[in-house]
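When the chains are written out, they are named A, B, C and D in that same order, and each has its own residue count from 1.
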Amino acid sequence: MIVVMEERATEAQIDAVIARLIELGMDVHRSSGATRTVLGVVGTGKIEKEMIEILDGVHEVLRISEPYKRASRSYHPEDTVVTIDDLRIGGDEVIVMAGPCSAESDEQCQATAAAVRRAGAKVLRGGAFKPRSSPYSFQGHGEHGLQMLRRAADTHTLKLVSEVMDVSQIELVAKYCDIFQVGARNMQNYTLLRELGHARKPVLLKRGISATIEEWLLSAEYILAGGNTDVILCERGIRTFETATRNTFDISAIPVVKKLSHLPVVADPSHGAGRRDMVAQLARAAVAAGADGLIIEVHNDPDHALSDGAQSMFPAQFDRLMAELRIIAPAIGRSICLEAVARRGWAR
Amino acid sequence: MIVVMEERATEAQIDAVIARLIELGMDVHRSSGATRTVLGVVGTGKIEKEMIEILDGVHEVLRISEPYKRASRSYHPEDTVVTIDDLRIGGDEVIVMAGPCSAESDEQCQATAAAVRRAGAKVLRGGAFKPRSSPYSFQGHGEHGLQMLRRAADTHTLKLVSEVMDVSQIELVAKYCDIFQVGARNMQNYTLLRELGHARKPVLLKRGISATIEEWLLSAEYILAGGNTDVILCERGIRTFETATRNTFDISAIPVVKKLSHLPVVADPSHGAGRRDMVAQLARAAVAAGADGLIIEVHNDPDHALSDGAQSMFPAQFDRLMAELRIIAPAIGRSICLEAVARRGWAR
Amino acid sequence: MIVVMEERATEAQIDAVIARLIELGMDVHRSSGATRTVLGVVGTGKIEKEMIEILDGVHEVLRISEPYKRASRSYHPEDTVVTIDDLRIGGDEVIVMAGPCSAESDEQCQATAAAVRRAGAKVLRGGAFKPRSSPYSFQGHGEHGLQMLRRAADTHTLKLVSEVMDVSQIELVAKYCDIFQVGARNMQNYTLLRELGHARKPVLLKRGISATIEEWLLSAEYILAGGNTDVILCERGIRTFETATRNTFDISAIPVVKKLSHLPVVADPSHGAGRRDMVAQLARAAVAAGADGLIIEVHNDPDHALSDGAQSMFPAQFDRLMAELRIIAPAIGRSICLEAVARRGWAR
Amino acid sequence: MIVVMEERATEAQIDAVIARLIELGMDVHRSSGATRTVLGVVGTGKIEKEMIEILDGVHEVLRISEPYKRASRSYHPEDTVVTIDDLRIGGDEVIVMAGPCSAESDEQCQATAAAVRRAGAKVLRGGAFKPRSSPYSFQGHGEHGLQMLRRAADTHTLKLVSEVMDVSQIELVAKYCDIFQVGARNMQNYTLLRELGHARKPVLLKRGISATIEEWLLSAEYILAGGNTDVILCERGIRTFETATRNTFDISAIPVVKKLSHLPVVADPSHGAGRRDMVAQLARAAVAAGADGLIIEVHNDPDHALSDGAQSMFPAQFDRLMAELRIIAPAIGRSICLEAVARRGWAR
C-alpha cells in the first residue's frame, strides 16, 4: 500500500499517519520528495484503504496488489482447465453449453437436448429455480425440473449445468447437475459462495450486472478459498446508460480476465443480447475474442417458452451459428466439437 | 400494452401478431395510420414484452402500466406511515436512525447509543451479520452482536434496525430487532424478500447499487404481495462511471419515489458518501429534498472500528449535523426530534 | 405519440390535455379503457414529449417513431455503400483503415503507411489536430501533419481519413483527406455537423463516449439533412462503471445499428481497448459481429509515439491480426483485402 | 508516479522499465519487497501512464498527483471568489441565476427578468444560441436574442450569463453578457476553452454528462492556463443507467469539488431534474450540500416556451423556492439575497 500525503501536510500529520500504520501492524518506509511525502507500507495487518484515506493530511491511498489472491494469474500462472470426465473447459476446444431457460416438460427437454447435441454442444443448460424480478412471473419447476433436465442430458450424453439460488438448494441441485450455476443476482451472495467453496462440483459464476471485474474475481476467491478450485467465470453483460440492448455485453472482459486470472471464462450471449436476433453476432464475437466457451439459450419452440422466449434461439439458428463458429475458432488456434463434424460427415 | 408495427410491416405480419396476442388471451384494438399500424392490447394474460417485440414486423412494444401494483401511488394514493409503538416513519417528523456499522462490544454499543439518542436519533442501527466483498474481512458477531445491540437500544429507549442476509437468519434477527434491514446486495434475493413478506415487522429495503427505481419498487412488491405492508425504502447510492466517490448518491430518487409510490423513503448518506467528511452534506441534502428519514453510521471511536470506520461519524460531528437538520426541516414543513430539543433545553 | 393518462385522471384533466394537443396542431384519438385513458396523437406539429408529460393527470408519454428519419432503415431499406473511387465501405469486403494516432514526421508516416498497406489496409488514418484532455499535451502538427499524411497515402495507394475538430478547419482538412473524421468529443458539435452536411466528402462519425445509439443516429441525421449521404458510423467504446479498460467497447452496437440504420458501421478497437495487447481481440470480435470495417492505430515505433503509443500496434502485430481476420470474415460471407493475399502470394 | 511491477517480473524486465524511464527524463527510486518491486518515479518529463503500463513485467502504474494544477486546492488553498462589480460568487451569499432557456421576445425576457429579480435572483440566464440534439428543433435567435436579454438584465439590475457554443461566437457574446456559459456538450471543446482562457469575463463551465470530476477540473485548467482565473463550475447531472430522470444529479460533486478545488461551484437543478416538479427539491438539496449558487430555468409562461418548457418553473414556484432557500442557507452559515427580503418588507 502506498500513502500519498498532501503537498501541504505537516510533520505532525505525517507522524500521526505513520504511528497509526505501525499500530495496525505495518512497516512504513518514508520517502520525502520536493513537493510531497510518500509512505510505502508493507506487512500482514489487515487495513482498509479508506481508514487511512480519511486521516488528516492524506491525499490518497493506493493499493499495490489485487485484493484477491487464489484467483490471480500471479498466484497460478498456468491456465486452469476444469475437467469433468472427458470434458475439458479452458483447453483448446471451445465448449458450448446450450438449452432452455427453464425446464418445462420432458418433451421440451428431450427435444432441445437432442437438437443442441446434434449441433455440437457438450453441456445442457436449463433452470429449475428461476429468479424473476416480478413476483407474479413463472418461478420454475424445482426438483421435478432438475429430473427432466438430468434425463435429457443422460439420453443425449451431455453434461448438465443448472442454477442454485440459495444455500438451502445446494444439496438438491448437486444430486442432478454436473456444474452449479450462480446467477448474476447472486454473485455477491457470500453465504452461498462460501458453501459452494466446500462443494465437489465445478461452479459457473456469472458476473453481476454492475460488478467490476475485480469484484467478480473477489467472488471467485470466496469459492476458491473454500477449497473448490473449479470455478468457471461467465460474462453476461453489464448495466450501462445504453437502453437499445437489455445489457451491454462487455466483450473486453474476456481478454481482461485472461490477463488477470487463470480461470476459464465463458460468455452468455443470450442474456447479453436479450433478443434472439442478436445472439449469433455476440456469440461469434466472444469466440473471436478468446472465450473458452459459450452458454446459449435454445428452445425447441421459443414462441411458447414460459420464460426468456424472446432470447432463445430456434434449433436451426443454433445449428447455423455452430457452423460459423467452426470457421472462426481456428483463427485463434482453437476448435469446436470436432466429433459432431465427424458424426455428421461434414468436411472440416 | 401498445404494439407499434414497422412502417413496412405487411398485412400478413400484422395478422400474425394479432393472432399471437389473441392466443395469449388478450384483446386487440387495431389502429392503422398513414405510416404505421399500432395495436392497443388489453387483457389479463401474462405477456412478456420481449416475446412480442421479437415477432416479424414489430417495431417496438410499449408498456402502459408499471409492472408493480401494491407499491404504486395509483394503488394507494395516501402516504404510508410505518408505525412502531409511538414511532412514525413517513409522517411529519424526519426520523433519524444512527449507530455503528457493526456491533463490536457492549461498551461500543452503549456509548454509541447514548450519543445518538442524546443528539435526537430515534432508532439504533447496527449489524451482526456483515456482507463483505472480501472473504478475508471481519464478518460480524452473529447472535451475540444482536444481543449487544438490543441491550443498548433498550437502555436508551431506541428502536433497533439490523440486517438480515439470508432466509435462515430471519427467525433469529426477528427476536432482537424492530425493523429488518435488507442490504443493497440482497435487493433481488427473492427467496429472502418473499419470506419477509410473511414477517410481522417492518422491512427497510435498500436500493441495489445498480437497481433502477422501477426494479427497487418491484422488490418492494415482493414483500407487499406477501401481506407485509410496512416497507421503508432506502436510497444509498448507485454505481456510475464517477470514481471520486464510492457511489453516486441519487438525490433525485427521493422525489421520484415520492411521486411513484406511497412508501416512505429514507436516505443512507454514509454509504452514499463512503467517507465521513461528506456525510453531513449528503444528509442535509436528503432532508432538503424531502426524505422521510436518515440512516447514518456513527461510532464512539471510528478510528478503531472493525468495519466502515472511514465513513462513520464521530459523535460530535453527528451532534452538529442534527443541529443543522433542525434548521433545514422546517423549510419544507417538517421537524426533527423536538423532544431532544426540549430535553436539552435548546431554543427551537 | 401516445399519451397515457394516470388511472385517477379526471375528465377535466383529460380534456385539458386534449385541448393542449389540438392547440399544438395535432389530431387526437381518445381510447378509454377499464382503468386508464390513452390518447393516440398524430400530426405534423412539433411537440417535445416532456411538454405533455408535465401536464396534470398525465402518467407517461410514449413516442412511436424514432426522432431521426434519413438515418433510419425504414426510410432507406437497402444498405448504404460509401464509395470513393474503387473503395466500397459497407459492401462485401471488410475495409481496414490503419495508421498512427498523429502524424509526427515524413519517415513515420511513410514507414507506417507501407506496413499497413502491405498487410491489407485500404485507408491510412492519422491526425493532424489532436483533442487532448490536458492543455499541457502534444496538440498535433496542423497542416504540415496533413501534408505528411497525404504524401504517405499517395505513395502507398491508400485513401486518407483525418480528424476535423472545428468548423474553421473544414476547408483545410478537405484539401488533403478523402474522409473527414468527427471525433467522439465532437459528436454533438452541431455547428460542425451541419457544415459537414454541405461537404462533398464522406464523414466517419465516431460515437460519443456517453452517447446512446439513438443520439448517435441523430447526429448522423444532422449531416444527412444537409445533403451529404456518405456517413460512416464508428463505434469506439462507451463510458461505464468498469475501470479495468479505458472504455467499454459496445460490441452490441454493431448489430443494433445494422438493424436500425442503413449506414455502414466500423469499429475502432484501439480506443475501445486503450492498450495494444487487447486490440486484436476486439478487432476480431468486431468483424465476427458484422462490422463493415475497422480503424486501427498502428505505429512503426509505438514506444516513441508522441500520443497514444500504448494503444498503437506494432506492424508485426497488425500483420498477424490481418491474417486472423482473413479466416474469420468468410464465416459471415465477407472477405478482407484479397489483393494483398494475391500480391503476397498467400494461399487463400 | 509509482510503477508497480508484477510479482514474477524478471530483473531484465525491471531494468528495461528503469532504462525507459530514464530515457524519458525521469529519476527512478527502486524499492524491492518480498513479493514485488516498486519504482518511485519523479521528474519533469511528460509521460503518459499508459506508455509505461504496456511495458513487459509492469503490473500497474499509479499517478500520485492530479493532472491539473491551477484548478487544485493545493495550488491555491483559499476559496476563489469571482467578482463582477458588487456581485461575489463563492462568498457567503448563495447567488441565484434564473431566467428562460432561450430568449424568445422582449416581453418574455422582461417579464421573466422582473419576476426572478423580485424573488431575489442576481443574474439573468438565457440562451441565444441553442445546441439541440435534433436538427429539426428551434435553434435560438442569435444576436437578436442577446440584445433582448441584455435589455431585460439592464432594466432589472441583473447581471447576464449566456452560452457561447463556438469560438466564432465569443466576440459577439462578449458584447452582451457578463458571464460566458460553456454548455455540457462543449466541456471538452478545447479550441473554445483555450480561447476563453484569453477572455476578460468569467466563465461558467458546465460539467459534461459523462465527465468525471477530474476531467471537469482539467477543462477548467485549459481556461485557467490561458490566464483567465474566473471560472465557475456548474454541476448539472450525469448520465447513468437510471431512466426515471433525464440525468442523475450528482449531489456529491459539490463537496468533492470543494475539497479538490478552490473554484466556486453552482448547481443547475433544472437540467438535473428535467421536469419542473422536481427542480425545487434538487435546488434545496444543492444549497444544503454547500453549493455557491444555483442556475434555474424560469419562464413567465412555461407552457408556451419554445424550448425546455417542461423543466422551466413558473414565477410563483420560483418565489416559493426562494423562500425555502432563505430558511436553509443559514443552516450552513450562508445567506440568500437579503436585499430582496428588505425590499419586500419580509421578516428575516
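Brief remarks on what is shown
Convention: a residue touches a chain if its C-beta (ideal position, glycine included) is under 8 Å from a C-beta of that chain, and two chains touch if they have at least 3 such contacts.
Values in this document were obtained by computation on a predicted structure and should not be read as measured data.
Hopping across touching chains, the smallest step count from subunit A to subunit C is 1. Farthest from subunit A, judged by the mean position of CA atoms in each chain, is D. Each chain gets one centre point, the mean of its Cα atoms, and the points for subunit C and subunit D are 28 Å apart. Rounded to whole angstrom, the centroid-to-centroid distance between subunit B and subunit D, based on C-alpha atoms, equals 30 Å.
Look at where the CA atoms of subunit B average out and do the same for subunit C: the two points lie 39 Å apart. For subunit B, the set of residues that touch two or more other chains comprises 210, 239-241, 243, 277. If you sketch which chains touch which, every chain touches every other chain without exception.
Here subunit D touches subunit B in the complex through residues 210, 212-214, 238, 240-245, 248-256, 259-260, 272-273, 277-278, 281-282, 284-290, 324-325, 327-328, 330-332, going by the rule given at the top. Across the interface of their complex, subunit C is touched by residues 20, 46, 48, 50-51, 53-54, 67-68, 131-137, 165-168, 185-186, 188-191, 193-194, 208-210, 215, 218-219, 221-222, 225, 239, 274-277, 303, 307, 309-311 of subunit D. Partner subunit A is touched in their complex by these residues of subunit D: 2, 4, 6-8, 29, 31, 33-36, 38, 40, 42, 59-60, 62, 64-65, 74, 77, 239-241, 243.
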